[in-house]
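Same chain, two partners: subunit A is paired with subunit B first, then with subunit C.
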Partner chain A sequence: MKVAVDQELCDGYGNCVMNAPEAFDLDDNDKAIVIADEVPDGDGAVERAVVGCPFNAISTH
Partner chain B sequence: MPVSVVYDPFLNDCLQNPYPTYAEMREHYPLYHNEERDIYALSRYADVKAAASDWETFTSEESVDLDGSTLQFRPANFVDFSPPQHTEIRGLVRDAFAPKHVRKLEPLLRSHADKLMREFVERGECDIAWEYSSGLPLHIISHVIGMPEEDLPQMAYYLKTVVSRDPEDNMTLPPRAVQAGKDIRAYFTAMAEDRRKNPRDDLMSHLANTRLPSRELEEDEVTGLCFFLFMAGVDNLSGLITNTISAFLEHPDQRRLAVDDPTLVPAAVEETMRWDPPLQMMARTATRDVEYYGEKIPAGGRTVIIWGAANRDHAEWDHAEEWDITRPPKRQLGFGEGVHFCIGAPLARLQSTVAVQTLLKYAPQYAVVGEPERVLKSNIRTFEHLTISLR
Partner chain C sequence: MVGAGLGGVRTAQTLRRLGHRGPVTLLGAEPSLPYDRPPLSKAGLAGERPPVWLATSPELSAAGIVLHTGVTVLSLSPTTVTTSSGSFSYDQLVIATGAEPRRLPVPQPPHGVHVLRTLADATRLRQVLAAGSRLVVVGAGVLGCEVAATARSLGVEVTLVEADTAPMRRLLGAGLGERLAAVHRAQGVDVRCGSGVTAIRGDSAVTGVELADGTVVPADNVVVAIGAVPRTDWLRDSGLTLADGVVCDESLRAAPNVWAVGDVCRWTGTDGVSRRSEHWTNAGNQAEAVAAAIVSGRPTPYESVPWMWSDQYHLKITCLGDPADGDDVRVTPLDDGDRLKAVFSRAGIVSAVAGFSAGGAVLRLRGALGKPLTEVAA
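Here is the complex of A and B:
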């Protein structure tokens, strides 16, 4: 499965980076970026990152 | 329709166990009005989430505490601000709580939790709420701000006094609480002066020597901000740790699961934040008339958004009234929503996880001793004292 961050919505709180450091990082502007091309379906850490985003800025497809 | 349920967060009954009241409200009075106190309350997940996200309709500017506690952090109480001022002040401290810095704190956190726990096991029992759940975060946030260890007992005393309320009138800050707030500010003022002369690698040095993008930072803002971070960094977090420890007391089967597999602890912390959040609700003020279910909150209406009620909404969770650490991940509102989402959430989650894992490692069979005592502050739900045996 692929992960995407809507940088317009992201406010840089970094909860996704704490939840799934292998999939997310913050860039120099404190916006979340996706660093994994592909993550396993049903990856618990990524799921926690998706639901834990205060701005619902992360989606999977 | 006559209202048959009383929601009054200042009443002892509600402080002891608000959840049956929340269930009634969600079911029958999704827009609740307490006429005596003239406060409105939202309790359904969808309503609470939407209201918390909409800072323009529901402003925080009249204090997010019904008793006005956050006004003590003026003039930098960004928890009560709206964008763009909120964004600017929050930006000053955001970096200190960013994941890269939070991760660096983990070794200190683990070693201090070990140290405390060895001491408690040796002694045989401890007040887990005060000595551990507050003691550990106190150590960590003080390290972040840059306070020397020898000052902590005095600061811990002030902190305890600031949040204390008198049972006969818990709506008003008693004089001792107001004084302790002034003492904390005086401490941070002196510290800021020192860090201007002798800057170090700590948050106080950063705040004392920085400015906002649009203007200089006032002295009062530096101290107010430190006061707020110090309070939030200890007091709200201690509730999350204590409530998780308490939930494991009530659920021995799930405790066994977590003792056998400590990687379940982060989920247990998250589930506690859903099921029994230490910060139960926050206040907002409607900036215009808002309609819910054919009734309305008038412009200016003080409105309580109840995280603790929203988080047990049956429309969102199966067996919502039960604590279940094996639930699939889903968004709970214990850390808030939108621009006012808890800035310290990554640190709070990490600290709670380490604290609970360490307790389960040293004393997996811990048990309650005596009668626990609850905090009697309207928006807080946790224990003031919870003594446990560790042998």
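Here is the complex of A and C:
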């Protein structure tokens, strides 16, 4: 599956990087960016990143 | 789940996500739907963001989670909880009652003294933060610093009073604390460290705050932000061990079939150290760990790296790991302004990494925790 971060909603708290460092990083403006083109379906770490985002800024499809 | 804040809600949601089939019930004392607390001292207090709901009614019913709002749990037995509106029996119980603001132990007038923990507190406080009014914030921990910053952005005249030598010193150490004090001063906050509050003046409403050194700071409103106390009053006769929180083992279990998560949980780490955390990420992580243990029937030691953040003015302050008093701190400025990263070490071993608007740089150093400082590039 693919992962996307809504940059408008993201407030740079970095929980996604803590949960799934292979999929997310923070850029120099403290906004989350996706660094993996594709992650395995049902990837537990990415699922935790989705629910662990304080602003529901992460989606998967 | 007793307590419908982040810990309770995330436990319920994770139980469902992991396939738990039986009934899931959330009991919460507050009247509203569950909401997120961090915005209450930041954009939410400034009136820039509506409440962030942790779950909506349709989401809860779709997940088969029954939420009872406005229900206060009064006591606990090994099979049942007794509440302000009836009893509920349980097979597994998760204690997620959070913490409540510590009160200032001095006499105070009935109007003008505030605390900030709930949505109702934030709504009330927002109404009195008029531009040009005078606010004294007592306590320069994370919460007090954020309230000072937000109030200042609304044009309020702010004095930040702290008994310790610098803001957020307990978390960040004296060096970064002093830098933070300078940030607040540059924004026009009167930062006064080293003097505790001895009295709040005023008969019916606040007129000022008296400090230990004898000075009186005039005030229209006071926010008391001197820490939080875990909410364990209802557990007094439960037989559980209480010691600044509900005492749990390594897997967050307080007794057979009874667990605790979030601000109320005091657990023993795999390093043998007893801890309690008051941070968002920890509450969510503990909730997921407990839900997983309940669904699998296999409790495992809870392990997670402490991670916190705080928004103050243009700065996002982050801290990864467990800094302690007396750690060596190596600060690297990242620009001509306030951006920096700081590496904390104890006996040459990296204990924590903190940053001012340097979340990415801090997180990229997560592999350095527990390693020799000499292995960390400057």
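What to note about this one:
The definition used in the following text is that the second predicted complex is superposed on the first by the 61 of 61 C-alpha atoms of A that agree within 3 Å, B and C clash if a C-alpha of one lies under 4 Å from a C-alpha of the other, contacts with A are read in each partner's own complex, and residues count from 1 in each chain.
The rule we apply is simple: a contact is a pair of C-beta atoms (placed from the backbone, for glycine too) under 8 Å apart; a residue touches a chain by one contact, two chains touch by 3 or more.
Since we're looking at a predicted model, the values are computed, not measured.
Residue contacts after overlaying the shared chain place A:G14 against subunit B and subunit C alike. Legend: residue contacts after superposition of the two complexes on their common chain; A:D28 is shown touching subunit C, with no touch to subunit B. 11-15, 17-18, 21, 26, 30, 47-48, 51-52, 54-55 are the residues of subunit A that lie in the contact sets of both subunit B and subunit C, per the superposition on chain A.
Across the interface of their complex, subunit A is touched by residues 94, 98-100, 102, 270, 328-331, 335-339, 341, 343, 345-346, 349-350 of subunit B.
Considering their complex, residues 11-15, 17-18, 21, 26, 30, 44, 47-48, 50-52, 54-55 of subunit A touch subunit B. By the touch criterion given at the top, residues 10, 13-14, 17, 36, 38, 52, 280-281, 284-285, 288, 305, 307, 309, 311, 316, 318, 357-360, 362-364, 366 of subunit C touch subunit A in their complex. Residues 11-15, 17-18, 21, 25-28, 30, 47-48, 51-52, 54-55 of subunit A are the ones that touch subunit C when the two sit in their complex.
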